[in-house]
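Next come two complexes built around chain A: one with chain B, the other with chain C.
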Partner chain A sequence: MKEINLDVLKDAAHRLLFDMSDEEYETLLSEFAVLTKQMETIGKIEGLEDYEPMTFPFECETTYLREDEPTTPLSREEALANAGSTLDGEIKLPKVVG
Partner chain B sequence: MNYLDLSIRDIHQALVEKKVTPLELTKEALKRAKENKDNCFEMILEEEALAFASTLTEPEADNLLWGIPYLAKDNFSTKGLPTTASSNILVGYKPLYDATVIAKLKEKKAVLIGKTTLDELAMGGTGTTGHLGITYNPYDPKHERMIGGSSCGSAAAMAAGIVPFALGSDTGDSVRKPASYGGVIGVKPTWGRISRYGLFPFAPSLDHVGYFTRYAEDAAVLLEALSGRDVMDSTSSVKDVDAYVAESEKELVSPRIAVLDDIVESIRDNAIRDAFLDSLKKLEEAGAMINHIRFGHDLLESIYATYIVISCAEATSNDANLDGIKFGPYYEGKTYQEVMSQARTKGFSELIKRRFVIGSFALMRENQDVLFLRAQKNRAKIVERTNQILADNDFIFVPAAPTVAPKLGATSDKLSDEYLIADNHLALGNFAGLPSITMPLGYENGLPFGVNFMGRAFEESKLLSICRTFEKITGICGDYYGKEGK
Partner chain C sequence: MNFEAVIGLEIHVEMKTKSKMFSSSPNGFSREPNTQVTPFDMAYPGTMPVVNKAAVINAIRVANALHMTIDRLIRFDRKNYFYSDLPKGFQITQQFHPIGREGYLDILDRDGKVKRIGIERIHMEEDTCKQLHFASYSLLDYNRAGVPLIEIVSHPEMRSGTEAMHYVEAIRNIVVYTLTSDGKMEEGSLRCDVNVSLRPFGSDKFGTKVEIKNLNSTKNIESALDYEIARQSAILLSGGQVQQETRRYDEASGKTVLMRVKTDAVDYKYFPEPNITPIRISEEFVRDAIDTCPELYDSKKERYVSLGLSPVDAAIILDNLAMSQYFDKALGDGKYAKTVSNLLIVEVNGYLNKNGLTIEQFPLQPEILYLLAKEQEGGFTHKQVVDMFHYCVENEGAKPEDAINALHIAKQSSDDSLVLSFVTAVLDANPQSIADFKAGKDRAQGFLVGQVMKMAKGKVNPGAVAKVMAEELKKR
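Up next is the complex of A and B:
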């Protein structure tokens, strides 16, 4: 397991596109100290190599095919109704190139 | 006596006989909502509710929910109405569609009178982390105790007697634990039984739509109304919906009930333990066969860590779309990354950020095998053990929580059995997707506590039947804080 330190946590937060205050990182670091001990409760369970990772409680039967019927999608105005920055019917963001 | 305090069936009868109207019920519910001081509401929909209730003039005799006021947790999408999930990152967001459960209740002509507070984005179990602050337990008017979460507003509103039912969501115990602290019924059905379309996701492999009622029969009424396949949710089940109300009326013959002794032993509150053991005797007297079983201490102890790893990892990925661009407050920046980063830094509270970092840490390449995949494998082992027990028993029956509602700010030993086992075992129902209902059991110094029944997948009729029997055993039926004559 990767070593847990302030740099690792800051890197993780920045990759998630947010930042925290120094005090908040310290709280997180001390939370990890407890969490690591709690994780050990999983570490001591034997025989897990015999199990497949469980991603859902049980299989869902979704065997239908949708009828190929036209539907009305959102209008442009509706799609943009909740966006805070728009221009000429599109979402406006800072330039990516040039 | 006020009609709002009756069971849904009795209110319905009064509506059909025109002893009361939907408008009168709605006005009474709104009055109670506005008088409440427990911080239950993101918004009270007075104008909308009164307008809708006014249109309900001809009672529908075959529709038990016609004209019944209700509340919804604010993580259910409501078309054209703000839906915040109690997070600043969603302030101002108005969904373009209704969640399926909201649409179904609209079709039934139930009256939505407000949206309730939650722990931010439904991540939390204390009812203290929403952007409007702490939601309090009505049973402690000094406001020293939590109601629990994440469905804090719905639970508190139910405990305060504001409406006959309220929607919540449950990823670890977010309906069933606050139900225990609030002395009401908390239902989480089988995973896939109720469509999740329009519910903001937290951890989709664990998320369920749930709800609160005050009468056991009402729990059946709601399940019948909300269940069923929904093409908008590919994880919703194609299984037929039972006639839950009629089926749950049938008393079970010698039901086999498994009591998990290792959970009971981890509880230190003698009043709760004694009341639970006493309820076993009464269940036996009512014909049940009680089997004392050990689940396995180490497996139970690992539930919490398994839950945290899986839920945080799923949440980290799910909530990547909360970026302030398509919806939510927009902040200027020199690059699109800066725009997103500003929105997420300002929009999420500290707790949410910490959970996301935990999830991200578990998903890092170096950690995935030892943390995330190992947690998923452990989940499989825990579920296997749960289903083994239910192969020989109709239900698993345990205290829902180790204590009455804790005081705000109280600390607990996060490595103790009481915390790791007694305080977190309800996640078993989410791991396995099994139906699970919290029922009120009693009061300790005026504060309520409850028990939990869990059954086999899609066997809600039996589960509701044992709950209706249990309600008769305890005699706790329709209670709320401050109820006339209580």
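Up next is the complex of A and C:
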């Protein structure tokens, strides 16, 4: 398993456009240390590979399907409120293809 | 060495539901950008997907039309990738448990013979947002993000561009006539990726496959594949190797052009979608979706032909869903189907083309077209009925009888004795024309028929006149 250190966290924060303080990095690092230790403990259990990964806590099914009725969408102003940059009602971003 | 083409198709169909696949955002084409968006479509934290019932019904209908096994447990999976067209960072799709498995479609091959093409799977998923790329930036419109899609994956069993074209046409007919999609390739509501490779005849191994994108008409599919098969053949015959790559079709040059060379397959890290509990659909639900499915293209075509239409005329009407819906209403009891179809194909289409209208905008009620056909079969000539047609189109609410009164149209008589009396009179008065006819001038007969019509002031049927005239000329 990849070691979670300060460089890994800074790289992830950079990619996700998160601006984090040193204190927040410290908190995250200590939380990851606990998580990693727990994973290592679980990893020591024998025969683990015989178990299927679990998606739902309980084996259950539903029958519910949503009726095809549209609701009022966001206004364009609301939809674009968190965009860093917009142009003609569209979200503008650095060129994403070569 | 002779090669055999191995062609497989992946078709994405945008459904024309009222709301999106997993959100209740409206689903519509070409509105203002970023105006058909809910927080879920933009991946706001805490929003959850809820599956659209109409999308499931559509998928069941298409799966049934393709003779597939329908999974009664609807499950979704996440396809993870990081790209600007996908705000969640994953697309919700059905990787592990598609709603439909293993079906087929019968198409015509290059020689016009029926060929069965196997279909591996169909599944539901959500569309991505629309990106526009410029020289130094890209623009994003989230209206398309979350639009319900059906993906239809064929087995690689097609062997020519023509087969692929016929396959896509047949799929389009199914999605259009189940009312799942408007199936417009040029607008992107039906999108097609083609995989093609070559192998020596008789071999059961696959060659290196090339993917072709940007195919926006069925004709382009045929042309692109014909070009690509020739290109790959030339490479193999000269001892070269086909590269695994993605190409696009350039319509202007009629060639496929390299887009990118494929490297290792992307790992999408699929896993079951934890935010959608598996949904059990009942037998009754599946049965109801199938039983209430509108009549399919092939069944309609068979019905039209059984009513007396030629297969070509039936195909002309069925090429446009709204046209066939109009025809169904104009058919009435089906007695005058052939005449109704002639009026629709020639007169109605002519009027629409001349005025730049669609059939949805055509002012004449289909029931009136039925009455016009009835008049034609009841003794009025085609020309007279066309006059009535134009009167009814131009006068809202007018019926054929109103046109008859307003235009003083009189029914022509086919009464043999009446026709014969006119013919005899005209022949007696025109001995020179009879002599001309006997001398081989066929035009003389037309002249004589014209004289009869003139004398009778149009009150006799020209068909009956021509028949009697021919008989009488023989006797003289």
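Operating definition for what follows: the second predicted complex is superposed on the first by the 56 of 98 C-alpha atoms of A that agree within 3 Å, B and C clash if a C-alpha of one lies under 4 Å from a C-alpha of the other, contacts with A are read in each partner's own complex, and residues count from 1 in each chain.
Everything that follows uses one rule, which is that a contact is a pair of C-beta atoms (placed from the backbone, for glycine too) under 8 Å apart; a residue touches a chain by one contact, two chains touch by 3 or more.
The model shown is predicted, which means the values in this text are computed figures rather than measured ones.
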Chain B versus chain C as contact partner of A:62, first or second or both or neither: both
Which superposed partner A:81 touches (first chain B, second chain C, both, neither): first
First (chain B), second (chain C), both or neither touched by A:96: both
Chain C versus chain B, contacts on chain A by residue: B
Partner chain(s) touched by A:71 [first = chain B, second = chain C, both, neither]: second
A:35 touches, of chain B and chain C: first, second, both or neither? first
Touching both chain B and chain C, residues of chain A: 53, 55-56, 60-62, 64, 66, 74, 91, 93-94, 96
In the complex with chain A, residue positions of chain B that touch it: 92-94, 96, 191-192, 205, 231, 234-238, 298-299, 301-302, 304-306, 308-309, 316, 323-330, 333-341, 344-345, 348, 350, 353-354, 356-358, 360-361, 364, 366-367, 370-371, 373-381, 383-384, 414-415, 420, 430-434, 457
Touch list for chain C against partner chain A, complex: 17-19, 24-27, 32-39, 42, 50-56, 73, 83-84, 131-142, 271-272, 274, 277-282
List of chain A residues in touch with chain B within their complex: 1-2, 4, 8-9, 12-13, 15-20, 24, 27-28, 31-32, 34-35, 37-45, 47-49, 51-58, 60-62, 64, 66, 74, 78, 81-85, 91, 93-94, 96
Chain C-touching residues of chain A, taken from the complex the two chains share: 53, 55-56, 60-71, 73-76, 79-80, 87-97
